[in-house]
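The first chain written gets the first letter, and so on, giving A, B, C, D and E; residue counts start at 1 in each chain.
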Amino acid sequence: MTALMELHGVVRRYGDRVALKVDHLSLEEGRIVGLVGPNGSGKTTLLRLLAFLDRPDEGTILFRGEEAQGRREALRREVTLLLQEPFLLKRSVFENVAYGLKLRGEKEHLKSRVDEALRSVGLDPARFARRLWFQLSGGEAQRVALASRLVLRPRLLLLDEPTASVDLHSASLIHEAVLRARRDWGTTLLLVSHDLAWLYDVAEEVVALYGGRVSERGPENLVAGPWIQSKEGVLKRRLDDGQILVASGSADAKALAALDPSSVVVSLDRPQGTSARNLLKGTVSQMTYENASGRVLVKVLVGGLALTARLTDHSVRELGLHPGLEVFLLIKASAFRWL
Amino acid sequence: MTALMELHGVVRRYGDRVALKVDHLSLEEGRIVGLVGPNGSGKTTLLRLLAFLDRPDEGTILFRGEEAQGRREALRREVTLLLQEPFLLKRSVFENVAYGLKLRGEKEHLKSRVDEALRSVGLDPARFARRLWFQLSGGEAQRVALASRLVLRPRLLLLDEPTASVDLHSASLIHEAVLRARRDWGTTLLLVSHDLAWLYDVAEEVVALYGGRVSERGPENLVAGPWIQSKEGVLKRRLDDGQILVASGSADAKALAALDPSSVVVSLDRPQGTSARNLLKGTVSQMTYENASGRVLVKVLVGGLALTARLTDHSVRELGLHPGLEVFLLIKASAFRWL
Amino acid sequence: NAPVLRMATTTSTDNTGLLDYLAPLFKAETGIELQWVSVGTGKALELGKNGDVDVLLVHAPAVELQFVEAGHLVNRRQVMYNDFVVIGPASDPAGIKGKTVAEAMKVIAEKKALFVSRADKSGTHTAELGLWEEAQVPVPDKEQWYVQTGQGMLPTINIAGERDGYTLTDRGTFIKYEANHDGNPPLVILVEGDAVLRNQYSVLAVNPANHSHIAYDLALKYIDWMVKPETQKAIGEFKLMNKQLFFPNAGK
Amino acid sequence: MDYILEGFSIAIGLLLSADEETFSAVFTTLRVSTLSIFTSLLIGIPLGFILGYHHFPGRRLARTVVDTLLALPTVVIGLLVYAFISRRGPLGELGLLFSLKGVAIGQVILALPIVIALTASAVEELDERLRQTLLTLGADSKGLALSTLWEARYAVLIAAITGYGRVISEVGISMMIGGNIKWHTRTITTAIALETGKGQFGAGIALGLVLLALAFIVNVGVSFLRRRATA
Amino acid sequence: MDYILEGFSIAIGLLLSADEETFSAVFTTLRVSTLSIFTSLLIGIPLGFILGYHHFPGRRLARTVVDTLLALPTVVIGLLVYAFISRRGPLGELGLLFSLKGVAIGQVILALPIVIALTASAVEELDERLRQTLLTLGADSKGLALSTLWEARYAVLIAAITGYGRVISEVGISMMIGGNIKWHTRTITTAIALETGKGQFGAGIALGLVLLALAFIVNVGVSFLRRRATA
């Protein structure tokens, strides 16, 4: 497989703050890639660079192996981005979706293509095509914005939170639309979402961003401070219910700790004699199938903190886990990574 | 418990279309109520009426038992709404959060109250307070908008998709903030979200809207057409993988069918001799704890359709359900309700 | 399409309606269409110098002669005159009625009675400056009682009327002013008839040597037409409120 | 006060009797102002777009210069244009003096700063997401400009209306360049100046009312167009 | 062309020699235009807000009327004000004729439609979410108006700049009401008209340049303020 886009040594700053610093990242042609990371981690910043809306302050971006600089206007016709905040032109829904096609001079079958795009996001053209931009609900507007990108059949489709205010049924339609785009037009997809259940279901591969840097480990749990330096040379974080989280290493009180879900062990009973420093009691709140790994992500609420563990379906079955169940989490103090 | 707000015979139209028609709805003081419904079902329309941003075309709204009409400006200080699309004033983050307090002349402890509000949505005042409105990521902006409502300590707090583009950690902070508002200030809350896992976790009670009408049955599965009228007098819907859904009653091809999750039965093996007309094979994709009922919502993907079943934790454990597992769903043709 | 002759003239000939009266007669006789712009005398001379018009009808003899001398204008012919009058409020606070112009000006200056001056280098203004000299009073530039408007004749009279001041005007404009007030104006003629008060109008052609494009032949035709007896008679017959405004004096 | 009442009755008389001189001035005014405003919009809207949209070095200075030119008096524009098109001027051969084309040149100079400044401000006020949306939909620079202006259409319309009001009401340029020649370059405003100079204040006000009636008709048309574009 | 060069050299001469007459006119211009524009903004911005924000019956007509008044010629305003404040007029007792206050009244009438129309359009262009946000934060009608105007501050500033350009460059009102009285009510523009009438075209252009220099200084100040408000 060849790389559709590649980033080398890319840095993007806002003022003095570095918002993104990617040494190397490549997007394989025809893949469906998920992008996760906490708020402010640089996801939108990255998508803007990939869509040629912004230029990196440093580094190069390759499109099909060739330097993109100098042919950005042409490349913008191959790549399209659904913005995080949907924005519609002050025209009818039909005109919004047809806009990109008209720009490209593709006026044949205009109506049928627009109708098809609207249908693919669950909007009935007969009811919606003639509505004006302000006559829509939030989720409807979001889907019109998506339809206006899908209709373009781009090489690369970048979706920034496509399901943010979309109902469940539409989310599954968008899921289908994504798969269809890849199947019918060979579109490569990069999807940002905080709806991990949806994302893990669609994406074949998930990349995570933390503080503007790509993490090779995939999505992780994040624990924010305040951390207290204890005498024993470890850092402690008091949870809302009085339990205490212990992490080794050194960091300041406001530091953010990352924890790989694979290194969280779930147990039904309080285990005796374990080497793990952390033994926390919590309640399973959600279990999600992760398409990329074939595993199950188990979200456990521990004293106001949501920690996710990645388990095989075998162990899930063995333990008889289900939402609402009380469990214990075992985590080594050394499993935390400081960001 | 007394009703903080009550709606009687309220109708709201956009042009000729009726967007909302509520015969009766009452919000008990001090409750945390969830509001769900598909896109365009009228949730935002309802919140706008409750926040006194719009007036109903018909019907009356009572606040603490008294007609609200005529004292809307005063009541707007008791009720506040987080808009679905966050919008910040063209000022610094600090000024955005302080705005409502300054309006009310509450200038004492201004800084500490603003800082507290920012912290409660996971934003470090030292890093964010002086930023300008455009120097924020989507999720950060959303949280600033939320902080500017939380700081007001309103009687009624209406949140329209507070977690739409917010990361998991912040979503749990918002969860805490909601509980704290109720505990410390007795705030009544009405929360709209498509993130059902989050909502079910927070809300004590969930109301559903379909096509502008309140459903007493709570949230339901929705199945869109095309429905085909068969000779046997039932309606059939072909799923992507070839399986067929059967519903009784009469409706046109584009009709929307609702299905109560409690009437979906999950089985591990293909049952022999059942009275249910539908026997569908699918895969469990997510399991969520429902705070309001103490039950588990099991989401099953069936040929591109996501159907949710509501089970007791007992049966979940008994069946050994886990995400990724293949299961059969049993649904009576008569369980569908036409909307 | 009739041949077009362009003329620059002062506002007094236009505002009184004289040109509206003469132009159709000229067209009927010669087939030439007269188009005129009415501006300040200084601007009219400048337009002539630049060759933007073909012919001039103005009333500032001294300046006209300078322009002729400099070779900008040729063929100066006297056409008609009217006269200047000193007007003021009927109550005549300074008591100048019946005096000679020189005495009147002197009294005005002594009593510091309000005097409104056009101060715009127009024919009237030039004449007023001459009167101060005659009265041996230095031009009272910064005196409180000396109001310099820098505007046309009618606006200046109006200002004098509003302020109960004296001013110098040509008779034609004054008659127009009287007419505007239905014959009952706040200001009346107090001094008139002095020889120094004569206001001479002349026609001049733009020098074709400087500007090849100008309609010199039409300009000559016009000048000839203006000075010929029939036209002169017509000018004499032009009346406003039954009063004669201009006195033909071609060739005199 | 009398003048005003007199003005109304004269105005009605002029319009009812279809007074030839008045109608000639109305027609001349319409011709020259239409020519001027369309030329100004044609030049000014693209320049305003560039000024409001692109971040080039010297942009702030350019904006300040345009804002300054809003204070250009019509007499001065008249003089400057005259300096060029007078017979002794570099463009004297074209015979633009005392012609409506000449007046239009001056009026374009008058309206341009208004159209540019207000278009630039309209474009600047637009949501940053618009630019991003247009680019992600594949707009090239032409599409970007056209669509941006279309999104800002109401504000650009106000620029046009303000420019038109300025052009139709100006007198300095029409007087200096047009020369107020009866039946040829006499516009409503130069006719008003003439009447006022003669002391015929009532007639001046009457012509002013005629001008406003004209502007009102134009604006009713614009407001109708605007309503259609919204619905 | 010569006039323009001549104009430049005269302008420099006037400024360097601190010519008394010129400076008197500059000072008078500044005094009256400042008074006029501030009064216009004080009245016009609230009216513009109401027109752009509230949906009252007759609003469309009101907008069309304001747009029409953009075409009000200064001579006509001069005549109307004259009719009121002349000695024979109802306000004759106040002695406003030939005073700067009288001129300011006329200039306020001139600038008001500009300020109102542009403020209304600025307010109209604002995001609907702004209104909703302000209301949900508990703004009363005063807070709503102030905050809305603050959000539209750049567009309102352009209204002010356009109005100021109009006021400082007008000549009809200053001439008619002020009377162009030397040392008293002579402004730069009436002085230009006078010089032009005298055929002193170079001097006219020179004074025009002085006026532009003045406007430039004002606009540099505004642009500086604007920059501070952004950063």
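Simple rule for what comes next: contacts are C-beta pairs under 8 Å (C-beta built on N, C-alpha and C of every residue); 3 or more make two chains touch, one makes a residue touch a chain.
Since the model is a prediction, treat every value here as computed from it, not as a measurement.
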Chain C and chain A - chains in contact with each: D
Contact-graph distance - origin chain B, target chain D: 2
Classification of the chain A:chain B interface as same or different, half of numbers criterion: same
Chain D onto chain E, rotation angle from CA fit, given as a multiple of 5 degrees: 180
Centroid comparison with chain A (C-alpha atoms), farthest chain: C
Length of the line joining the C-alpha centres of chain A and chain E, rounded to whole Å: 54
CA centroid of chain A to CA centroid of chain D, Å: 53
Mean-CA-position distance for chain E and chain D (Å): 17
Gap in Å, rounded to a whole number, between the CA centres of chain B and chain A: 22
Residues of chain A touching at least two other chains: 85
Touching two or more other chains - residue numbers and ranges from chain E: 127, 176, 193, 196, 201
Contacts with two or more other chains, residues of chain C listed in rising order: 152, 155
Touch relationships between chains, expressed as pairs: A-B, A-D, B-E, C-D, C-E, D-E
For the chain D and chain E complex, residues of the former touching the latter: 1-4, 7, 60, 63-65, 67-76, 78-80, 82-84, 88-90, 113-114, 117-118, 121-122, 124-125, 127, 152, 154-155, 158, 161-162, 164-166, 168-172, 176, 189, 192-193, 196, 201, 204-205, 208, 211-212, 214-216, 219-220, 222-223, 227
Residue ranges of chain D touching chain C (in the complex, touch as defined): 86-88, 97-98, 179-182, 184, 194, 197-200
List of chain A residues in touch with chain B within their complex: 14, 37-40, 43-44, 84-85, 122, 124, 135-140, 143, 160-161, 163-172, 175-176, 194-197, 201, 222, 224, 240, 254, 283-289, 294-297, 301, 304-306, 313, 316-317, 320-325
Residue ranges of chain B touching chain E (in the complex, touch as defined): 48, 51-53, 73, 76-77, 80-83, 85, 87-90, 99-100, 103-104, 145, 148-149, 152
Chain B partner contacts - residues on chain E that touch it in the complex: 127, 129-130, 132-133, 135-141, 143, 147, 150-151
